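Heads up, the next two complexes both have chain A, just with different partners, chain B and then chain C.
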Partner chain A sequence: MTTLDAPAERTLTLRETGPATRGTRPDEVVIAVSPAFGDPFTQTIVGVPHAEVLRQLMAGIEEQGVGVRVVRVWGTADLAAVSHIAARLSGSGVSVGLLSRGTAMIHQKDLPRLSNLELFPQSPLLDAPVFRAIGSNAAQYAKGQSPQPVPTRNDQMARPRWQAKAALLHLKEFECIRADAGPVELEVTISR
Partner chain B sequence: MSDRLVVGVDIGNSTTEACLALVGPGGAVTHLGTALTRTTGVKGTPASTRGALTAVGRVLAAAGRRPHELDRVLLNEATPVISGLAMETITETVITESTMIGHNPATPGGEGLGVGTTVSVLDLAEHPVAEPAVVVVPPGWDFDDVAAALNAAAARGVPVVAAVLAGDDAVLVTNRLVHPVPVVDEVSAVEKVPLGMRAAVEVAAPGRTIRTLSNTYGIATVFELDPDQTRQVSPVARALTGNRSAVVVRTPAGDVTDRRIPVGVLELRGEVRTTKVDVDAGAEAIMAALARVQPLRDAHGEPGTHVGGMLAAVRDTMADTMGDGPGGSDAADCAIRDVLAVDTFVPAEVRGGLAGEITLENAVGLAAMVRTSRSRMQAVAAQVAAELGAEAVIGGVEGEMAVLGALTTPGTRAPVVVVDLGGGSTDAASLSADGVCTAVHVAGAGELVTKLVDSELALDDREVAELVKRWPLAKVESFFHVRHEDGTVQFFDQPLPAHVFARVVVLGPEGPVPIGTRHGLDAVRRVRREAKRRVFVVNTLRALRQVAPDGDLRRLDFVVLLGGSALDFEIPDLVADALAEHGVVCGTGNVLGDQGPRNAVASGLVAAHARGAVRAGGTA
Partner chain C sequence: MTAVAPRPTEQARRSLRTEALEARPVNLDGFVEEWPEKGLVAMESDFDPQPSVRVADGVITELDGRARADFDFMDSFIADHAIDVATTEASMALPSVQIARMLIDPGVSRAEVIAVTRGLTPAKVLDVVKLMNVVEIMQGMQKMRARRTPANQAHSTSARDNPLQVAVDAAEGALRGFAELETTLGVVRYAPLVAIALQVGGQVGRGGVLTQCALEEATELELGMRGITAYAETISIYGTESVFVDGDDTPWSKTFLASAYASRGIKMRFTSGTGSEVQMGNAEGRSMLYLEIRCILMAKGAGVQGLQNGSISCIGVPGAVPGGIRAVAAENLVASMMDLECASGNDQSFSHSAMRRTARMLPQLLPGTDFVCSGYSAVPNSDNMFAGSNFDTDDYDDWNTIQRDLQVDGGLRHVREPEVLAVRAKAARVLQALFEHLELPRITDEEVEAATYANSSNDYPFRDVLADLTGAQQVMDRGVTGLDLVRGLEATGFHDVAENLLTVLRQRVSGDLLQTAAVLTADFTPLSAINDANDYAGPGTGYRLQGERWEELKKLRHVTSATDPETEVD
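Up next, the complex of A and B:
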């Protein structure tokens, strides 16, 4: 029997099912991933597997009884843009944007693109429980509740220690952008 | 004799007000302007001189006059009444032997009642097939694994009837079960749940509350208890009332007790007799005892008890603030002249609870009013006179001056009673038809309301509590609209700031401020109004009874509300509603016809001076 401390290797399969459409259900949160999420990248900057990231985000939303759709944004790797595109696709207007290195944001469609509901800028500090909490909060916003913001950790050393790697990862992600492609709907399969 | 320029200055607990006027030889008063500033230091102490000078400077500047034109500065005889606050919890809930889990997780899973034997998920594989199992899951387990373990056990023939989880996974686990069962989650101290005991888990449908475990006979049925045992579990049932989910474990000596904390005895010394009252008897008993010993000369708490500490703390603060300078007083000089006790509740963590359960424990809030033996107004007057080069006179008792000021309100006449709803104390003064003035001060006002709001909503932030007290609430429903507390909707052209999204906010002067609470808008509003009612309505009635002829409120005609708290958006209405049943005309004052409930004492000082000038003119 396994526990969270020793997570089993799960594999993530993301299958495109067509162009992403605007949702009509008021009880859904849209998760948008960046161009390189899942393929070619498979883990965040600190090695949290993308399968686990997505699984925990979706679990946080499901625990609140809210529906979830996952889309991929091809046209940009800018977190605010990814999140805002997803928010406008979301039936509830609430979305979670996710970059391959782990940086995440909760967005809402009526906000200016560069604003947000909650931002988690320090990707090296995000682990499975934080992704669960992000999903949970996004779902609560969708339900019109007022969750306590996810406590943001702060590490003064995160920037000097991780900045070079983050920049490389960002460049790599940038190369995966397909400027002419619109956001697509994804079917998520997580298996062991 | 030409017109003379005079200024009345009222140094109050929180604001200092000035009123500038020309007084003619016949006593005719021409008002030139008013000004308001924050009181510096404690009123009546030399520190408050600076505020007084600021107020005078402002009113002169506004009227285009110079300080040397001033003939006279009129200062009020500041009543050296200061108030202090303290709060003490008087009950505590204790759970022994981890009998129950009564917290309300936001999202329990499944629905219904499951009764079985507690077993750890680690031992589930060896659990006998015949015995219904309530599975206990320690922290660190993934929801997929838990669901797989439960499904495997069920496939083996073990009747899995319920589960208790450490993490926030109840819905996730339930969604993955072949046969959904009630699941309670977020039980942080799950390792303390006794294993191998009979237990019942109940989860109600969304929007409902549990029916079996909140009912004494329901628990008796589930556990097949005899009448004596049933009597014992009745507190458990009561503690679970109103929850959406609950777990009860039957242990040999498990119990839930609602214990009274002995906080000590309050000794009230009146003019004629002395009485003692247990503080844990509650506010009603304390106020009844106080009514018996009126007028109060001093109050003491039993040394070494909580109440002793409370009153000593109040007294010490007062002695400190009054003693900052030559001629300072010590604690013995400070006599407590009035006490207001208010029943309140404080959210507190249950001792022995497994999930950080919070119950509302009873508490008593005490506002005590201290009257010191000396006032240092002479020193203030001397400094003001030196600074302005005009004669400074201390004239008149605050209460009388307030009445004179209040009588400038259109539509009033003597006999009249003014009620000054301030920050630290509530004061009443009455002027009878034949010119006799009586004044009383009772403890408890705006600051006590702030404290009650703060503790009952568990805000732990005085600033936010102050905002909740002062401004109406609203719920931000989208970035472009809010729903006000009366149900009306307001739209905005510009999006609201992101940090207020979906929150209950206070609509303060600087835009919406979010309140950090799990409570809904209605609950916050109820707490706010109840706090105001328990302090201001109770105190107004208490003060009016003391100044009314024979203590009969029906014999009062006009009641004028004054002071900062009379500017509140609902306190005057609450007070007027309470007085309406006594047939009293009650309303917020409008001093000089345009000042609202402000500036009464300063205007009264000018009016009194003008009258005096007439008399002086007659003899000269």
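Up next, the complex of A and C:
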């Protein structure tokens, strides 16, 4: 089981600035968050604050000298769909999709929707360093490199502890879907 | 705009008792409140349909409040293939309480109950089992289990996909009593080598053990057709049309797959379980048990002989809601009362609490089921590639002691260390010789020695994975079959193992393993609901743990001798 150090408490502000558009910079990664990310949910299934998740992902991308945009997908909470929509918005074609409970995926626009570059299915095992590594790898793919995949973890006791909560979070996230709303651009402010 | 401020955390003083309780393993388990509108509820939901049936011109025109025009494909399949149209109106007219009482009444035979249950709709079946508490569910299971003699099934896998580990742990598992062994992979390309190792190791431990390899469906079928595996189990079905379609499947496609196995005389069962639909977000507002009952009827309609159920890989979902483990016991009973073989779960990591793990399996162990566990981990859980089981090798002595305490047969027995070492060493040597004969990557003497005394995959020398994967591909490319394995075993001087494997393969010609709940005994007699029908009819009848088998189960690792209390019984 992952032990999480209490991260610094930060405030996350996500302001919608308009419909998400296709990027023109070839050196950018688009992060797409799911409908309930940040509101009403504030943390992943194991309590990593959403502010921390985004901060680490963005830092991981920026450390590679790559630009980052953040969008929210309203129309679905299916991780493959969220990630693929973002990949098609991304100037580099590379995206990171995120569900509120923490499940994440690196996607690329030319891959089939149900495929991916890297998938992180066990949300309870994703902590701040993993999110930073995911950001870093996504940026490296955007630069045309082939990074070593982020090591995946496995915990057989994740099922008894987290499976039902994951189902509950999934159902709640589904309720936040706005089927007729397109993806929107987000301005992200993370402050103490 | 959304803004998320940190939540204040207050540190109130806690009692020392609370701290002690907080530290208990059970508090690492996850529990959630019910949400019936979304199907996050075990078996008592106002949103489940009411039982009803209408028949016109020999066709069911209404099922559980839905007219034929509004049927989804599960309704259509169940109405057209699972429910006996001739008897359904009479069966449905019986009050649920009467059917529930028939289930536990020793004066009513299993056949009489089945004559009624074959005409019931899913909602009616739910209505019946909702009347039963866990003790009544167990009483029902004791009578309704298809095979008279209970059995058990094991997982034999390796965290490194090491075929040698799978072979020797299969051999030990077979020796300890498992009637079926299954494996699966971390790296799927390893499958042909690991499936061969499982098959061969199993036949070293005890002739007649049946093996399967859980894989993507086409490869699983191919290995079965080649005779590298003896049965198939991981053919998943779901209780709602939307989840079925999500997996690019329908009841008809699964039925087609089932008939492919039957065409070659290969035993197979479907897999389903409570919680899968809500886990995938498409429970359509029905309770977990209602949806599982639809799966059970679908399996029956497909004509398969059996079902693995008991939530299986979604056990964390029913395990987290009130009454969830009662619902799991009920789904096992429903499979049995539909005259299907029931491989009854207890095969995935369920709880951090040893007490809770044990309580969860009592409804299957005490009455006995066709396979009490549909995957007891015959390797340490750290090596379990099915993501961990409710029981593993560390629990062998506990399991044997519980059998002895309660005088129940859970399918296992204590085996003395010299015998265990002997079959492990032999299985390793057999696989070594067979790999050499088939020109597969070499197994060294050092590996054989390590395998004999090993506990987990960490105790083995590393193998050359790339060479193994090349060898695995060659097995597929060269079209190696079960018969090639028999030939190789004979050629390398292991006549007895060759004979065992050949006898298992011959079963697919006779088709005896297609009978409900079939297993093979040590002398290769098929034991099924045909020749070992459950004849429980109250105290003193049915399967009783007695005679030679009871003497065997009295043995444990440490029992003080009554003759000479300074020594232990050997």
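Just so it is clear, the second predicted complex is superposed on the first by the 186 of 192 C-alpha atoms of A that agree within 3 Å, B and C clash if a C-alpha of one lies under 4 Å from a C-alpha of the other, contacts with A are read in each partner's own complex, and residues count from 1 in each chain.
Following the convention adopted for this analysis, contacts are C-beta pairs under 8 Å (C-beta built on N, C-alpha and C of every residue); 3 or more make two chains touch, one makes a residue touch a chain.
Predicted, not measured: the structure shown is a model, and the values here were computed from it.
Asker: Under the superposition described at the top, does placing chain B and chain C together on chain A give a clash or a fit?
Answerer: Chain B/chain C on chain A - fit side by side.
Asker: Quick test of understanding: once the structures are aligned on A, what is the angle at the Cα centre of chain A formed with chain B and chain C, as a multiple of 10 degrees?
Answerer: After fitting both complexes on chain A, the angle is 80 degrees.
Asker: Between chain B (first) and chain C (second), which does A:E62 come into contact with in this model arrangement: first, second, both, or neither?
Answerer: Touch partner of A:E62: chain B, not chain C.
Asker: Counting only touches as set out at the top, which of chain B and chain C does A:L12 meet: first, second, both, neither?
Answerer: Second partner only, chain C.
Asker: State whether A:L168 touches chain B only (first), chain C only (second), both chains, or neither.
Answerer: A:L168: touches chain C, not chain B.
Asker: After superposition on the shared chain, which partner residues are touched by A:S146: those of chain B (first), chain C (second), both, or neither?
Answerer: It touches chain B, and chain C stays clear.
Asker: When the two structures are overlaid on chain A, which partner does A:T24 contact: first (chain B), second (chain C), both, or neither?
Answerer: neither
Asker: Check the superposed model and tell me the shortest C-alpha distance between chain B and chain C, rounded to whole Å.
Answerer: Result, nearest C-alpha distance in the overlay: 5 Å.
Asker: For chain A, what residues appear in both contact lists, the one with chain B and the one with chain C?
Answerer: Residues 1, which sit in both footprints.
Asker: Taking the touch rule as given, give the residues of chain A at its contact with chain B in the complex, in rising order.
Answerer: 1-5, 7, 59, 62-65, 108, 110-112, 115-117, 132, 136, 140-141, 144-146, 148
Asker: Quick one: in the complex, what on chain C touches chain A?
Answerer: Per the touch definition, chain C meets chain A at residues 1-7, 28-32, 35, 38, 40, 275, 278-279, 281, 313-317, 319-321, 348-352, 381-382, 384, 387-388.
Asker: Which of the residues in chain A end up touching chain C in this complex?
Answerer: Against chain C, the touching part of chain A is residues 1, 9-16, 38-39, 42, 49-51, 154, 156-157, 159-168, 170-171, 174.
Asker: Quick one: in the complex, what on chain B touches chain A?
Answerer: 106-107, 122, 140-143, 145, 149, 168-172, 175, 477-480, 495, 498, 501-504, 514, 516
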